[in-house]
Amino acid sequence: MVDLSVDLGRGRRLPNPLMTASGCAANGKELHRFFDVADLGAFVTKSVMADPRSGRGTPRMAETPSGMLNSIGLQGPGIGAFVEEDLPWLKSVGARVLPSIAGSSSREYAQVAATLRDSSAFDSVVGVEVNISCPNVANRGLVFACDPMASADVIGLVREQLPREIPVFAKLSPDVTDITTIASACVEAGADGLTMINTLLGMVIDTDRLRPQLGGVTGGLSGPGIRPVAVRAIWQVRQAMFEGRLPTVPIIGVGGVRTGRDALELVAAGASAIQVGTAVFNDPSAPVRVLRELCELLSAKGFERFSDAVAVAHGR
Amino acid sequence: MVDLSVDLGRGRRLPNPLMTASGCAANGKELHRFFDVADLGAFVTKSVMADPRSGRGTPRMAETPSGMLNSIGLQGPGIGAFVEEDLPWLKSVGARVLPSIAGSSSREYAQVAATLRDSSAFDSVVGVEVNISCPNVANRGLVFACDPMASADVIGLVREQLPREIPVFAKLSPDVTDITTIASACVEAGADGLTMINTLLGMVIDTDRLRPQLGGVTGGLSGPGIRPVAVRAIWQVRQAMFEGRLPTVPIIGVGGVRTGRDALELVAAGASAIQVGTAVFNDPSAPVRVLRELCELLSAKGFERFSDAVAVAHGR
Amino acid sequence: MSERSLRARVTQEVAEVIATRRVGAYQHITLVAPGVAELARPGQFVALAVGGETSGTLLRRSFSIHKVSPSGTYGGTVEIVVSAVGVGTRWIVERAPHDTIDVVGPLGKAFPLPTAPVACVLVGGGYGSAPLFWLAGELRERGCHVEMVLGAASEDKLFGVVEARRSSDGVTVTTDDGSAGQRGWVSDPLPEIIDRTKAGVVYGCGPMGMLESITRVAEAHGAVAQVAVEESMACGVGVCMTCVMPVVGSDGRTRMVRSCVEGPVFRGDRVRWDAFDGGHARVPDDAVGAPKVGGH
Amino acid sequence: MSERSLRARVTQEVAEVIATRRVGAYQHITLVAPGVAELARPGQFVALAVGGETSGTLLRRSFSIHKVSPSGTYGGTVEIVVSAVGVGTRWIVERAPHDTIDVVGPLGKAFPLPTAPVACVLVGGGYGSAPLFWLAGELRERGCHVEMVLGAASEDKLFGVVEARRSSDGVTVTTDDGSAGQRGWVSDPLPEIIDRTKAGVVYGCGPMGMLESITRVAEAHGAVAQVAVEESMACGVGVCMTCVMPVVGSDGRTRMVRSCVEGPVFRGDRVRWDAFDGGHARVPDDAVGAPKVGGH
C-alpha cells in the first residue's frame, strides 16, 4: 500500500491528499449521501463571508466545452450560521475541515477568521483557505488576487487571527500576468501554503437572445478544459520555489481534475494535495474515486509514498 | 442574402469576416486542397520572423480536453523566403493576405515589416497582424504582450514601416492581469485594430514518463475550451471602447471557434472579423464551413448586414 | 431525518437502455436502474451523464421520472420522456437498446400528497405531463378525484393523452394552434375545472410561464398550486448553487433556494414570480442577503 | 504539379463502417470511402475524427491505409488496422457496422516504387505491417522479388502472417518472447535476407527504434531503406508543424520537416536518428534555423 499521508505545514498531517474544492461541494451534507466525507484528506467548504448573501441572479451557469462557467456571487449563510450549523455537522461526522473564507475588505476577512477561531467546532479545522479572488470594494472592485499588496494585506490580517498551528492557504487566481509575484507576496505575508488555481474569468454569449448568458455577465471558467493552466501555474510557482525566488511551502492543486491520472499531473508539477471541483457535478463520488485511482496509479508506478511523487516532473 | 462585408479600418473592406488563424493554416497551399483560400475574407499566415527558424524539439503538441497545447517555437522560412515564395503564391490564387509578423526585438519586427512592404506581391496584403506574444530577448524573455510599454514600442515601429493604407493589428495575449491596458497601449501606439486572443500559457505532464509532455515544457492552449476566455477578452476591450477608455477600433476575434454559433458569440461580444484556428485540425474546411453557418444564422435571425451583429450583446 | 436515511436516499448506477421509442416529438426511454426505481416518488427526477469517455459535455442532464417499475424481468426500471433540444438530449435520444447511461437519482422533493381525498387537477405542458400519470395513480389510490389538463404548442408536442384517459377521471387537451383539443392555453379551461371539481390542489409541470399562470388561477379559485420547476442545473445534487430561485420561506422571507434539493416541486404561491423575466431571475431586493457586488 | 491536381488529391468524407472484426490484438475496420479509395497509394494514411458531437477530443487520429478497393458492392472501401491504446482508438474500435466516421485522406507521401524489378524486403513491426501487403502486391506486379519480415512483442500483436504468405515470396516472423516465429527482433534475420535476395530496397513500418535499426542494417548491406514513421500529429494535413522531425535534404542540410506531408515515408538514411531520445526529438545544432529562445 502506498503511504498517502501528507504534511500540510505547521505539523498538520492528513491521511490522504484528496479534498473537495470550495463551492463545488457545498458544506458536506449533500455529498455525504454519496460517500463518507470523513474519507477525504480534508473537506473544503464553500467560501463564507461575514453576513448572509443571496448571491447573483440567474442564470448562474453555462456549460462550455469540457468545462463550465459560473457566477454564483458567493451565496451563503454568513460565518455565524456556518460556525453554528455547518462546521459542527462536519465535525460530527468526523471530517477534517478546511474552511474557505472570503471578504469584500481585508477587515471582513479578518473578522470571518476571528469568528471561525472562536467557534465551538474549531477543533475540526485543519487549515483555512483564503479565497482572495473577491472584488475589493476599497479598490474599485479590483480582485484582491490580482494585486500583490492587497493579497498580502488580506493574508497578513487573517494569519494574525488564527492560532499558530492552523496553516493558512492563499487561493490564487490564474488571471494575472505573473502568478509567482502574487504567490510570493502571500507567502511573505504569512501564508503557510498556496491553493492553485481559482477559475479563469470567462464569458458566454447566449446566441439565441444575443446577450450575456449569465445574469452576472462574466463568470468563472472551470473544469478539465482549464487543467493545462492549473498545471502550468503550479509548475511555475514550484519552479520559483526550487530557484529560491520564494520559500518552499505546500501547494494544493485544483483545476480540471477528473481522474487519478489528472491528479497525478498536478502532483508531478508540484501539488502536495488535490482538490476536485467541477468533476463532482459529473460524478458526485469523484473525490473518492480520484483518490482510489491516484493510489492505484502510484502503486503501479512503484511509489511507496505519495510525497515522493510531489514535483517529481521537475528536472526530468 | 446577408451583406457580409466588413471594414477593417483604413478603408479596407473585406468581402466577408472569416479568416484563418496564424499558425493554424500554414501559408495557404495545404488548405487550398480543401477549399479555395480566396473565398476567405483574408488569409492569415504563420507568424514570420527575420531569419529561418527550426522551431522547438518534439513532441510539440498534446491533446487536452476540448483543446490542445502546442509549442512550435515559430518554425518558419524567414521573411525573405516568405515574400519570395508564399506571398506570391497567395497572390496568384487571388487571396487577400493578412501576414502575421514576429520578432525577438522591436527592431526585428520593424525589419520584417519593411521587407514585407518592399516585396513584389505586397499588393495582396490587406493588413498586417503583429504577433506580440513573443519573448523579448532584451527583457529576460518577457513576452512583449505582457508589458504595455514593450507592446507599444513594437507597434509604433511596425506602424512607421508600413504605408498608411495598410491597417496594423496587434494580436494580444490573454495571459495578463488587465487586457484593456495592453489594448490601449497598442492603439495609442498606432494599431488600427486588435486581434484577440492568442493562446493561454499551459502545460501538460506526461504521466507515463512523469515529465513535461512538450519538448518546450510549457505551450499555448487553444481550442473550444478557451472560447469563454476569448469572448470575455473581446467583451472587456469592446466595453472599454464604449466607455471611451480607448478609441474604437475593429477587433478580430479568435479563440475556440468551431461553428457558426461560436463565431456569433465572438461577434456579439464585439468582434468585427473571426479567425478559425485549432478547429481546422478537426475539420480542414472549418473556415468556410463556419462562414456558411454564420451567414445562415444571421439570416435566420433577420440580420441584413453582418456589421449590425457586431457587439450587439452590449447593453442588452 | 437521520443521517443514515439521508445517505440512503440517492444512488448512482450505470443503467442499461432496454427500450426506446419515439412518441410524437419525444423519445420515451426505459432504463434498468433498480436502485433509483426502488427509492423514487412522483415529482422526483434523475440526472444523466452525457457522451461517454470522449465527452466534452461534463454536466448531467435532468429528467422527470415518468414511471418506475421497482421490479420486473430486468430488475427495476425507470422511464423518462426526452425532448431533443441540444447536444446532450440529442445524445440521449440516440442511445440504442443495450447501450448504457450513467444515472444519478432519485433527486429532489416529490409532489406532496394530500392527507385527505380532495379533488386534484394535474396540469402538464409538453413533456411536463411525464411525471403526472404516476402521480395521478397515487392520488386515486388515496381516493382523490383526478382530472388532467394537457397542453402543448401543437399535437405532436402533447405527451400521454391516451394514458391520461386511463389514469384520471377527466382529461382536457389544449394546443396553441388548435391541432388537438381546444385551441389555447392550459390556463383557459382550468378555472372551470377547479370550480366544478372543487379541487383543493392543482399540480403543474411545464414551462415557467405556464406554472405562474396555473398558480394565479389556482389562487383565484381557492386551490393550492404545487408546481415542478425546471431551472438550469449544473450538479442536480445540491452542491453548486446554480439552480436557485427566489422562494418565500415559512418565515415569510424570500431566499434564493436550490430548486434541485428544495424543489423541483414548490408551492406555487411561494415562488417569487415577479423576479422572473425572459430567462433571467433577479434577486428580489427584499431577499435575505440582498445582492451586492461580489466574486463568483 | 498543377494547382488543380494538388487540390484534387485529398478528400474528406463521412464514411460508413461496413465491417469491423478483431484480429489478434487489433481491430480490422472497413470503411466506405470511395474518394479516398480512388486516390490512395500504399504508404499513405487517413485521419479519422473521434467522438461525434459531444466530443472533447478535437484532433484526428492517423492510420496507415491497409488496403483499398476502389469499387465494390458498397462503393470504394478503405481498410485500416487499429490498436486501441487511448481514448480515440478505443472510440474507433467500438464503432459498429453502419456507424459513421469522418475521414480525411489520403494523406502523406506513398512508398516510392523502384523503377527496375529489384528484390525488396518489407519489414513490419506490430500493426506496422498493415500497409505492406498492398505494397507487396504492387512490387510483385512490377516484377520485384518480395520477402517480408513481420515482428512483434508477442504472437497476438503480429498482424497479417497468413496474408504475408499470400502476398510475398518468403516470410520470416519474429517475436520478442518467441511466442511465434523466431525469438528476437526483425533486425536479426534482416542481414541474411538482404544478402540472400540481393535486395535493393528495404521498406519498413513500425516503431522508431525498429526503423532506425532497419536503416542501419540496410545501409550496412547495401540496400536503401524507405521507412514510414509515426509522429504525433495534430492536423495531418501540413498546417500545424507539430509532426516535424529532423531530416537531411538533398542539399545535405538538416531541416525540421513535416512528417505528415513530406513523410510519413522517408529514406532511412536521411533521418537524423541521432536526434531522437526517449520520445523526444531534439533540433540538431546544425539544422537550418537552429533553435533559439522563441514564442510558440
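Chains: A, B, C and D, in written order; residue numbering restarts at 1 for each.
Note that a contact is a pair of C-beta atoms (placed from the backbone, for glycine too) under 8 Å apart; a residue touches a chain by one contact, two chains touch by 3 or more.
None of these values were measured; they are calculated from a predicted model.
Participant: Which chain pair is joined by more contacting C-beta pairs, B-D or B-C?
Facilitator: Contact tally favours B-D.
Participant: Just curious, how far off is chain D from chain B if you go by their C-alpha centres, in Å?
Facilitator: Spacing between the chain centres: roughly 34 Å.
Participant: Averaging only over C-alpha atoms, locate the centres of chain B and chain C and give their separation in whole Å.
Facilitator: Here the centre of chain C sits 46 Å away from the centre of chain B.
Participant: In whole angstrom, how far does the Cα centroid of chain C sit from the Cα centroid of chain D?
Facilitator: The separation of the two C-alpha centroids amounts to 55 Å.
Participant: What are the residues of chain D that contact at least two other chains?
Facilitator: If we look for residues of chain D contacting two or more partner chains, we find 56-57.
Participant: Could you say which residues in chain B touch two or more other chains, in rising order?
Facilitator: Within chain B, residues 65-67, 209, 219, 223-225 contact more than one other chain.
Participant: Just say which it is for the chain contacts: an open line, a closed ring, a star, complete, or other.
Facilitator: Its topology is that of a complete graph.
Participant: Mind listing the chain A positions that touch chain B in their complex?
Facilitator: My answer: residues 62, 64-67, 69, 146, 175-178, 200-205, 207, 209-212, 217-219, 221, 223-229, 231-232, 235, 256, 261, 264-265, 268-269, 297, 301, 309, 312-313, 316.
Participant: Using the touch definition from the top, list the residues of chain D that touch chain B in their complex.
Facilitator: 3, 6-10, 12, 49, 56-60, 102, 104, 231-232, 234-242, 244-245, 255-256, 261, 275, 278-283, 287-296
Participant: Spell out the residues on chain A that touch chain C in their complex, using ranges where they run on.
Facilitator: Interface residues on the chain A side: 23-26, 29-34, 46-47, 51-61, 63, 65-68, 70-76, 78, 93, 102, 104, 131, 133-135, 137, 141, 143, 199, 206, 209, 215-216, 218-220, 223-225, 278-285.
Participant: Which bits of chain D are touching chain A when the two form their complex?
Facilitator: 56
Participant: For chain B, which residues are in contact with chain C within the complex?
Facilitator: 65-66, 224-225
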